[in-house]
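Two complexes follow with chain A in common, the first pairing it with chain B and the second with chain C.
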Partner chain A sequence: MTASRLTLWLLFAPFLAWVLLLVVIPHIDLLILSLREKVAPRVYETGFRNYADFITSSVYPWTLFRTVAFSLVTTAVTFVIGFPVAFYIAKVARGRRRAALFLLCLLPFWVSEIVRVFGWMMILRETGLLSGFLQWAHVTSGPVEFLYNDAAIMIGLVYTSMLFMIVPLISTIDGLDDALIEAGYDLGGNGVTVMTRIVIPYAMPGIMAGSIVVFMLSLGNYLTPTLLGGKNGQWFTAQIYNQFITRFNWELGSAFGFILLITSTLVVWLLLRLSGQSLSNTLGR
Partner chain B sequence: MKLTLKLTAAASALALIAGAAQAETLRLLTWGGYAPDAVIDAFEAETGIEVEVTLSNNEDMISKLRATGGAGFDLAQPSQDRILGPQMEFGIYKPLDQSKLDKALWVGDLYDASIKSTTVDGQAYGVAHIWGSSGFAMDRSRGEGIKTWVDLCKPEYAGRISMRLKRTALLGMSFGLGDDPFAAYDDPVKYEELMKKAAAKLAECKPNVKAYWSGSDDLLAMMRSGEVIAAEAWDATGFKLYGEDTKFNFVAPETGALGWIDTFALPAKGEADDAAYAWINFVMRPEIAAQIIEASGAFSASKGSDELVSPVMKAAYQEAFTPDVIANIKWFPPVPAGLEDIEGRLLDEVAAK
Partner chain C sequence: MPDFDLDCRNLVKRFGTFTAVDDVSFSIPRGAFFSILGPSGCGKTTLLRMLAGFAAPDQGDILIKGASVLRVPPNKRPVNLVFQHLALFPMMSVTENIAYGLKRRGQRRAEITRAVGEVLERVGLPDAGPKRIDQLSGGQKQRIAIARAMVLDPAVLLLDEPLGALDLKLREHMKIELKQLQAEFGTTFVYITHDQSEALVMSDTVAVMNAGRFEQVGTPEELYYRPATAFVAGFVGDANRLQGRVKAVGDGRTAVTTESGLELIAGPPSGPVRTGTAVELFLRPEAIACGGAPDGAGNRLKARVEDVLFNGAQSRILARLPSGDSIEALLPQTGAAASLKRGAPVTLGVAPEALVLFPK
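Showing the complex of A and B:
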C-alpha cells in the first residue's frame, strides 16, 4: 500500500467508523428487533406481526399520513416564503446589507430549538402576547387561544426550517449569470416568464436540496409538533417515542422506525422523479 | 517482557483505583424533589459517598434499565405497582436484603404493604419511600362542580381542564364511570372491556381538554394563568399551588384518590449496593425525610416525619385529606405484565381522536 493510499484510508477511517457504528449496525439491530413478536413475558417469535399491527391499526397509518402531509405543506410554505428572500439576498442586496440580511436568517438559530418553541408558546398561548395585543387593540373582546392547533404546528415548523431552505437557494441563485436574466428581458420576456423559464429551472437543484432537507427535518421533528400541537398534535416520531419509552414496546417502535424510513425514502425519490433531478445533482453539489 | 508485565501491573492498579472510586459514588435514578441538594450534601459529609442524581419517571426508569439490562444505576425509585410486571418481563432489579434496612424508621403498614406488593417468586424487590395520590389539582373558586372524574367532561368546563394522557387518566375515568378496574387486574378480557369504556369516555371528553400536560411545570403554568380550572394531577402539585394561593389545592374525587407509593429498588447490575442501603437508611430518618417532603410536596414513609413539615404544607394536607378521604384512597395494586399493552393501544387511539 502506498503512503498516499494509507493517508486516504486514515482520513476515511473516522467517517467509516461513524457510519458503521452509528448508522449501519443500529439499523440492523432495529430491523431484527422489529421482526420480533412478543408472545408472553420473555418469550418471542420471529415474524411480521409488528408491521401487520401497523397496517391494521386505525390510528398509526393515519398519523403517518398526517405527518407526511404536514411535512410536505411545510416544505411548500417554506419555499414560497424563502424563495423571494433568497432571490433578494442573492441578486438584489449588495455588500453589508446582504451580510446583515443573511445574519437575520441565522439569528433564530442562536438559541436551541426548545427555547424557540417556548418563545412561540409564550406568544401564542391564551394568556400570551398575541392574544393580549388583540384585546388591547379591541380587535377581540376576550382572550383567544392560538396554541394547540395545526396552524401553530405549521408556524413552528416553517420558522424552524426556513434557514435550511434559504441557504441552498442563495448558493444556487448566486451562480446565475445576470446576463441570462437581461437576455430574457431583451428577448421579450416579462417578470413572470423570466422567473418561471430562467430563474426557477436554473435554481431547481437548490430548490430540491432545500426541499429535501426541510421535508426530512419536519418529518423527523419531535419537539415542535408535540409542544405546539398539544392534544391534537399527532406526529409519527412522537408515536415512535411513545412505543419505546412509555409502552416498553421496542418491537413495535422499531417497526415504526423502519416504516418511517421507507416512507421518507419513497417521498424523496418521488419528489426527485417529479422534478427531474437526481440526488447527486441536488444534495451532492 | 518486563515492560509488558509492568504495563499490565499498572493497568490493573488503575482498574482497581477506578473500581474503588466507582464504589464511592451512588448513581440514583429518581423523581424531581426526592433528592434535594441539601440532603445530598449532608449525606456526602457523613459518609463520603458522592451521589449522582438522574431525574426520571416510572416509564423512563423502566426504559433506561431495560436498555442496559439493569446497569448504569445503583438505586432506582419506581412506584410499587410498576415493579412486578417489568421485573417479570425484563428482570431489571435484584432482590432487597431486608436485613440491611433499619425497619424501625418506617411506618410499619407502608413497609409491609410495599414489600408485599413487590414480591416476585418469594423475593421482595422494593420498599416504600414516598407516597401520595392522584386526583384533581383545582382552582376551588371556579371548580365547585367537579366532584368525580366524569365531571371533568361537563360542558361548562370546556377547554378548561387538563390531564396527563397516561394510565392514571384511564383508570380514574373508569372509577368515575362506576367501575372497579383494580378488581379486574387479573382478568385481561374484563379489564380490556372496562378500559375500552373508559377510553371512549376520555375521547368524548377530549374537547374539554385544554392540552394534555406532560411535566408538572406545564401544568403549573396552565393553572397559575387561569387557563385551566381543574386537572388530573398529583397531590403534590395541588399543595404547591396552595402555597402560592390558597384558592388552589388538591381535591380528591368522590370515587377516591388513587394512591401510589414510590419505592427504593436495586437495579440488577447496580455496583454500589452498600452505598444504596446507606442512602435508604439515611433519607428515612425523620428530619431528613421532612426536608424531602418539603421539596417534593409528597409524603414520606418515614415514621415521625409528618410532624416536622412546614405549617403551610400541613394546612394544605389537612384541607385535602380529611379522615374520610384517606380511608377512601384506592391504592394502585401491582400491574400484571401485559396490561400496559392494552392501555397503551387505547391511549394512542384517544390521542389520535
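Showing the complex of A and C:
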C-alpha cells in the first residue's frame, strides 16, 4: 500500500466508521431482530411472522400509506412554495438583499425543532394567536382549535423542511446562465414557457435533490407529527416508537423500521425514474 | 424610400450618469451584412440588447421594416439573437433546441420536423438532430445556434461576438462559413465583434464604435483606406503612429515635424489644421517601400533593420530611424528581402498619401 493510498484510507476512516457504526451495523441488527419470532418467553425462531403481522393488520399498512402520502404532499407543497423563493433569491435579488433573504430562510433553523414546533402550537392551539385573532375580528364567536389535525401536521412539516428544498434549488438555479432565459424569450417563449421548458428542466437535479431530502425528512419525522397531530397524528414513526418503547415488542418494531426503509427507497427510486434523473446526477452536484 | 430592414434613430442608453450608447443612428438595407466593430466596453452589447428588446433605449427609436418596435417585447420582435456564448439549452437535444421557437409559434409537429431537418441540412449538419449539446464540437454548436435562430426566419439576425469562444483556426474557418450562410439565407445580419479582421472579411458595411458613438460607417475598403477619424485609423488595420506638429500646409500636401524631429511630407489633412497644429500620423506597414524609393516627392527615410518579424507572407521588419522612432514595414516578397537582415541599413520610401494625418 503506497503512502497516498494510506492517506486516502485515513481520510476516509471517520466517514467509514460513521457509516459502519451508525448505518450498517444497526440495520443488520434490525434485520436480524425483525426476523425473530417469539414462540414462548425467551424462545425465538427465525421467520417472517412480524412482516405477516404488519400486512394482515388493519391499522399499520394504512398508517404507512398515510405517512407516505402526506410526506409526498409535504414535498410537493414545499416545492411549490420554495421554488419561487429560490428563483427570486438566485436570479432576481442582488447583493445585500440576496444575502438578507437567504439569511431569512436560514433563521428558523437557529432554534431547535422542538422550539419551532412549540411556536406553531402557540399559534394554532385553541387559546392561541390565530384563534384569538379570529375572535377579535368577529369571524368566529368562540375559540377554535387548529391543532391536532392533518393540516397542522402539514404546516409544521413544510415549515421544517423548507430550507432543505430551497438550498439545493438556489444552488442549481444559480448555475443557470441568464442568457438561457433570455434566449428562451428571444425565440418566442413567454414567462410560462420559459419557466416550464427552460428553468424547471434545468433545475431538475436540484428539484429532485430537494424533494428526496424533504420526503425522507418528513417520512422519518417523529416530533412534528406527534406534537402537532396529537392522537390523530398516526405517523408511522409513532408506530415504531410504540412498538419499541410502549409495547416493548422490539421484533415488530424492527420489522416496521425495515418496512419504512424499503418503502422510502422504493418511493425515491420511483420519483427518480419518473423524473428521468439518476441519483448520481441529482446528489452529485 | 429605400428598403431598410432595420433603422435606428438617435439611440441613447444611460446607466446612471454613464452613457453606454450615445446618439447612434444607422440604417441597414435588406439582406446586408452589417458589422459593429469596437473595443471592449464601447457599448456594442448594450446596443444589440436594445435591438433585441432586452433593454429599452432612453431616447431614440428602432424601426424594423418601417415600424417602430419600441413597444414590442423581445419574444414578439421579428429579430433573433445569437448569444456570445450561444446559450444553447443544455437539457435539450439539437432537434429540441431548434424546434423550441417553432413550438412557441404553435406550428404543427410535421411542419416542425420538416423545418428542423431543412435547417440542419442547410448548416451542414443533417445528422446532428438527436445529439445532445455537449456532444457537439465548438464549430457545430456555432452552427446549431445560428440554425436555431434562422429557422424562425427573422427579419434581422443579431450576432454578439459569436466566434469569440472559438480557437483561432476554427474562427478563421467559421468566418468564411458564416458569410456563406448569410448569403444563402439572405437574412440581414447585424454582427458585433471587436476583431477587425472578422468585420472586414465578412461585412458589406462596418460601423466602428468607440465610447458609445459611431466613429465611422462605411465599407471595409473605406474604413481601411479613408479612415474618418484617428480612432478608426488606429483601430482598423495595423498602423505606425507618429505624433508631430504641422510645419506648413500646401496644396494637397502637409509638411510635418514629428516630436522626434523627423521631417515628413504627408497627404492632405483630414480635418482643419494650421501651422503649429498638433497632429497624429498613421502609416500602414504595407504602404512602406523597403529599399525602393517612391516616385516624385516622397519621403525617403534612412533606417537600420532592428529585427525581422517572420510571419510568412505577413513578415515585417522593425526599422529604427536615426531620430529614435521605430517603424514596422511589410517585408517585400522579392529577392530584396534577403538583404534585410538584422543590423542592415535600409531606406524606407513613403508616399505622402500613405501618411494619413489627423489633428489631435
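Everything below uses one rule, namely that the second predicted complex is superposed on the first by the 285 of 285 C-alpha atoms of A that agree within 3 Å, B and C clash if a C-alpha of one lies under 4 Å from a C-alpha of the other, contacts with A are read in each partner's own complex, and residues count from 1 in each chain.
By our rule, contacts are C-beta pairs under 8 Å (C-beta built on N, C-alpha and C of every residue); 3 or more make two chains touch, one makes a residue touch a chain.
Quantities reported herein were computed from a predicted structural model and do not represent experimental measurements.
Model built by superposing both complexes on chain A: chain B and chain C fit together without a clash. Once the two complexes are laid over each other on the shared chain, residue contacts for A:Gly188 go to chain C alone; chain B is not touched. Vertex at the C-alpha centre of chain A, arms toward the centres of chain B and chain C: the angle is 160 degrees, rounded to a multiple of 10. Within the superposed three-chain model, A:Thr127 lies in touch with chain B and out of touch with chain C [touch as defined at top].
Among chain B and chain C, the chain that touches a larger number of residues in chain A is B.
Least inter-chain distance for chain B and chain C in the combined superposition, rounded to the nearest angstrom, is 46, based on C-alpha atoms.
Residue overlap on chain A between the chain B contacts of one complex and the chain C contacts of the other is empty.
On the side of chain B, the complex with chain A involves touching residues 59-60, 62-63, 66, 86, 88-91, 159, 165-166, 206, 209-212, 214, 225-227, 337-338, 340-341, 344, 348-349, 351-352. The touching residues of chain C, counted against chain A in their complex, run 52, 54, 73-76, 80-81, 83-85, 87, 89-92, 100-101, 104-105, 148-149, 152. For chain A in complex with chain B, the residues that touch the partner chain are 40-42, 58-60, 62-63, 125-127, 145, 147-148, 226, 230-231, 234, 239, 242-249.
Per the touch definition, chain A reaches chain C in the complex via residues 177, 179-180, 182-190, 193, 197-198, 201-202, 204.
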